[in-house]
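Each structure below is given as structure tokens.
Look for subunit A in each of the two complexes below; its partner is subunit B in the first and subunit C in the second.
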Partner chain A sequence: MTNRQLGAVMFAPAVLFIILLIGFPFVLAVLYAFSDARIGSTGFHLVGLENFRSILQSPSFRKALQNSIVFTVCAQAIVIVCSTILSMALEKPFRARGLVRLLILLPWVAPVSLGTIGWKWILDSIYSVITWVLIWLHFYKPYSAPMWLGEPRLAMASVILVHCWRLIPFSTVIMLAGRSAIPKEIPEAASIDGAGFWRTLFHITIPMMTPIISVALLFGIVFTFTDMTVVYILTAGGPFDSTQTLPSLAFATGVQGSDLAAGAAISLFLVPVLVAVAYFMLRVAHRAEVV
Partner chain B sequence: MAVVETRNLTKVFKEGELGAVNKVSLATREGEFLVFLGPSGSGKTTLLRMIAGLETPTSGEILIGGQVVNHLTPRERRIAMVFQSYALYPHLSVYNNIAFPLKAQKVPREQHRTKVEWAAGLLGIGKLLGRKPRELSGGERQRVALARAIVREPAVFLLDEPLSNLDAKLRASAREELEQFHKSVGTTTIYVTHDQVEAMAMGDRIVVLHQGVVRQIGTPKDVYEDPADTFVATFLGSPPMNLVEFSDVIVGFRPESFLPADLLPGAKHVRFRYKVNYVEYLGAERVLYGAIEGSHFESKEIISRLSWTMPAGYDAGSVHDFAVAESDLRFFDRKTEKRADPRPYPWQ
Partner chain C sequence: MQRSGFRTVGARIVHVSVLVVFTILLAFPFYWMVIATFKQNIDLYTVENNPFTFNAKPTLDHLRLLFGETQFVRWLGNTALVGALVVVITLLLAVPGAYALARLTGRWGQRLGIGIFLTYLIPPTLLFIPLSRVVALLGLQDTIWSVVLVYPSMTIPFSIWLLMGFFKSIPKELEDAAMVDGLTRFGAFIRMVVPISISGILTVVIFSFTLVTQEFVYALTFISPESNQMVGVGIPIFLVRGDVYFWGSLMAACLITSVPIAVLYNLFLDRFIAGFTVGAVK
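Here is the complex of A and B:
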């Protein structure tokens, strides 16, 4: 076997994986999006941009798009701030640091569906431990306790917080790596130059971490924008579509509602948005790297 | 300007272990260039970092300008430090690097440009202000680091091996510039190095450190000619001082004082038969590695350093009469390894 052949053989599993699990479904989705495919129907006609025109006019699509943006922006803002603080706290050695790091990483390691089911119980309208504690502390009367997943604003906040709980560990690990790449003389020099904590943080540490923060942000946006597990398990998009995001709407329309074509069109709508985000973030990372 | 003083300063990193710095007491003089010299692990950098406020002492006091500063943060100590790696802020331009201390100390904005230009002018980097650190050479980075240090006119300069990242040629010129620079600003400076040539050339006084303990403080001449113990005697000088042991005494003499006997007429001296084993030709001088023949010191290895002006003929394998003037002998106690008084010695 020549080197060339060996190379091709070694390379083949990766190519096959991408073609079968990513390429094929993607092409299929594109094809469906321009057709009138439905579950239970054998008819298949290309209808051009009809599906896109129809979803753009649909109020639930607009609502889902808006929710997706709110969900992503809020979740990422919280994740970046929290993971920056956590990475600072975990940077210096202290007793049991290894254990704390492990505990913090757990939400990311645990299967997302399991974690979310746990949260569903924590936020349940009857059995919620949070509500129980709040009542016990006399913040609420038993009959007027908040319905975490039942009121539109609270439901959105719950979905965002659970998603943050899941993403913060991942982001923290990336940030820790980024921080440890800054030579320790740099913050020391800043402290001797007279900079206090905030100046060092905002003028030295964060600018030097820009490339790594953009990577964490890019991954975070992609994970958040495309996530449907948290939404689907916690609220299934409700109440009144108030937590419906694009992926969950695509699933509800295409699979549960049998309209494959519309579902495909909704999910395709994510592609240009994510490509634009990726391009923009990589540019920021690149620019920060070459300064 | 200010005087830096340490009193019984100690730093123990791990409880139960030997301290990195042990009971160091020293004081600079006003406007002095004081060098901390020692091999790696001698505690010189830790000592400097404690003075800077980057390490907390385990015990002891640090005084700057007569005031105890143990509890003060680095920025309250009015010091400036140049790091071995220079620690320039990579995302800021040279101008903003130099201006950073001014901004951090809330110097009025309209003064920034004048001060930055003054500092940059002093170090000849006025044309580099728009560049980023990665676009600079090693020597230029070092100057930016110095400019950043002087721009707010600190009371004390702390320099941590600032020349060790430069190549040999640049280091020599940077050394000279640094000396000129110190003369022109006259600020009290503490300079850490493991390079004895740098220490001898630049220091008004040298603090020789070993295993966290001060072995000697003195002018370059003092520490070279009158070492306080055998460590200082062998650490300073290249090749190091020859040491020969006999009963309870160690006798030392510099390789350049161990010369052909006929070059030492008149003066009282001690003679040896010396067999040359190996010769290093270094241009301006020759270094002879050999051993003594006969006497108590049979086959004791001794190094001699001859200037290029001396006659040739000291080749490997040849045997000669060599001698050292009695005034060039240094005596050390064998037990404590500290300096001892000269005494009559049974040489043969």
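Here is the complex of A and C:
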């Protein structure tokens, strides 16, 4: 048996598995999106663009699409800034660094559904610790404090907050890995030549970190844009669909509402973002290969 | 001189405050779980009480409720069983696959590897609707076998990618020497390469197991009976009765489950991150 044949035999089971459980369902999702499939009915007709026409007209879909974009952009902007700062602080050696690192990483390494339920308690309508502190500081009178998850704007901000909380640690460790690859001599030489902290930061460190920042950003975009867990647990899309995102709306429509066709059509709106991310990821990987 | 002295002191203050502020913000929800776990309900649900201190004696009631009157232990068992099975399936498929890509497929191995890696980016929220039908057709709905079948599709791509990098770092001469000594290529892989790759394989084991404990969407979609739940869905969905949240036991369950997983994941994190950086860091 040649190397090539052995390679094919060893590689085939994994590829077959991936095709059966990722490729085939994806084709099925596309097929559903153009059909009238429902849970419980065996009939199945292709209806062309009918599903897309009706979801594009529905206000809750438009709101969900808008939210998905707003949540992703806001969360990633905050995450990139915070994790750049945090990774700079974590890079220098200091006492108890291992413990601090574990504490900082907890939000990423603990199961997301459990961290989110912790936030649900922190943001509780009556017993919220944030409310208690605000009343204690006399910003609000007792019983007149805002309901964090009950008012549309505050609920949206809460969802963004939890996404940031979860992704800052992830982004930070990726950037730490990137910073450790920058030769220390270059920023040092710059500062000897008289470049101050900010000039070194903006003209040397950040440009050299661009590839790694883009990797952190690309993963961050996928993790926020396609996430359903945070929204589902924190607000279940409410109040009045104000925090619904594409994935949570697809779940509400396709699984809870039994409308497989519409649910699949909504999910497919995730694809353009995924394709764009994959394209940029390939460019980063390609550049790394060439250098 | 004076000025630079001020500067270093200033830089130190900034450094320490950045660390302190971020640590508090990021770890706070877990600290809050600890507090809620041991507080009596009367203390927990009195708005006027200072929430940061114990206004009544600490209690173990929430833990007693959690272990005695809920299915929590059962969910932990389900999750451990699914985790173990997914780890086995992942290893059986990803280890040979990664070796083939690293050694046997020549130039297009790297490209194929990146292609496989990119499938890791496909989220459950894209495929859960068609997969729920597939699972139903196979008669696996509402059983843990549905997730045993589906989870490897999430673990295999990233595992292949991680192991590929690992196998490439092993000198080729090792297998060449073994083959001169009469082993076949496959024999050299099993007897020589796998044993010295134990740390890479262990990384894949931890990655796959923690991914099983963290997944939410598939488990929520495929499994409805309370007793067959995975821990990540059981706690946030089934510890809530109607609209009543038992915050004490809910927070206890979150804490007991997350901390071991977090510590385990943290031990291997640097290796996962090396995989995530797609070669952008050398």
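The working rule: the second predicted complex is superposed on the first by the 264 of 291 C-alpha atoms of A that agree within 3 Å, B and C clash if a C-alpha of one lies under 4 Å from a C-alpha of the other, contacts with A are read in each partner's own complex, and residues count from 1 in each chain.
Heads up, the rule we're going with is that a contact is a pair of C-beta atoms (placed from the backbone, for glycine too) under 8 Å apart; a residue touches a chain by one contact, two chains touch by 3 or more.
A quick note: this is a predicted structure, and the numbers were derived from the prediction, not measured.
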Per-residue touch tally on subunit A - higher for subunit B or for subunit C: C
First, second, both or neither for A:L134, with subunit B first and subunit C second: neither
Partner chain(s) touched by A:V273 [first = subunit B, second = subunit C, both, neither]: neither
Partner chain(s) touched by A:E188 [first = subunit B, second = subunit C, both, neither]: first
Subunit B versus subunit C as contact partner of A:V47, first or second or both or neither: neither
Which superposed partner A:P207 touches (first subunit B, second subunit C, both, neither): first
Contacts of A:R199 with subunit B and subunit C, given as first, second, both or neither: first
Subunit C-contacting residues of subunit A that also contact subunit B: 288, 291
Subunit C - residues contacting subunit A, complex: 15, 18-19, 22-23, 25-30, 32-33, 36, 44-45, 47, 50-52, 92-94, 96-97, 99-101, 103-106, 110, 114, 116, 118-119, 121-134, 149-150, 152-153, 156-157, 160, 185-186, 210, 213-214, 216-217, 220-221, 231-233, 235-236, 245, 247, 250-251, 253-254, 257-259, 261-263, 265-266, 269-270, 273-274, 276-282
Residues on subunit B engaged by subunit A in the complex (per definition of touch): 52-54, 73-75, 79-81, 83-85, 87, 89-91, 100-101, 103-105, 132, 148, 152
Residue ranges of subunit A in contact with subunit B within the complex: 183, 185-186, 188-196, 199, 203-204, 207-208, 210, 288, 291
Partner subunit C, residues of subunit A touching it in the complex: 1, 3-4, 6-11, 13-15, 17-18, 21-22, 24-26, 28-29, 32, 82, 85-86, 89-90, 92, 94, 100-107, 109-119, 121-122, 124, 126-127, 129, 132, 142, 165, 168-169, 173-174, 176-178, 180-181, 211-212, 214-215, 219, 222, 226-229, 232-233, 246-247, 250-251, 254-255, 260, 263-264, 267-268, 270-271, 274, 277-278, 281-282, 284-285, 287-289, 291
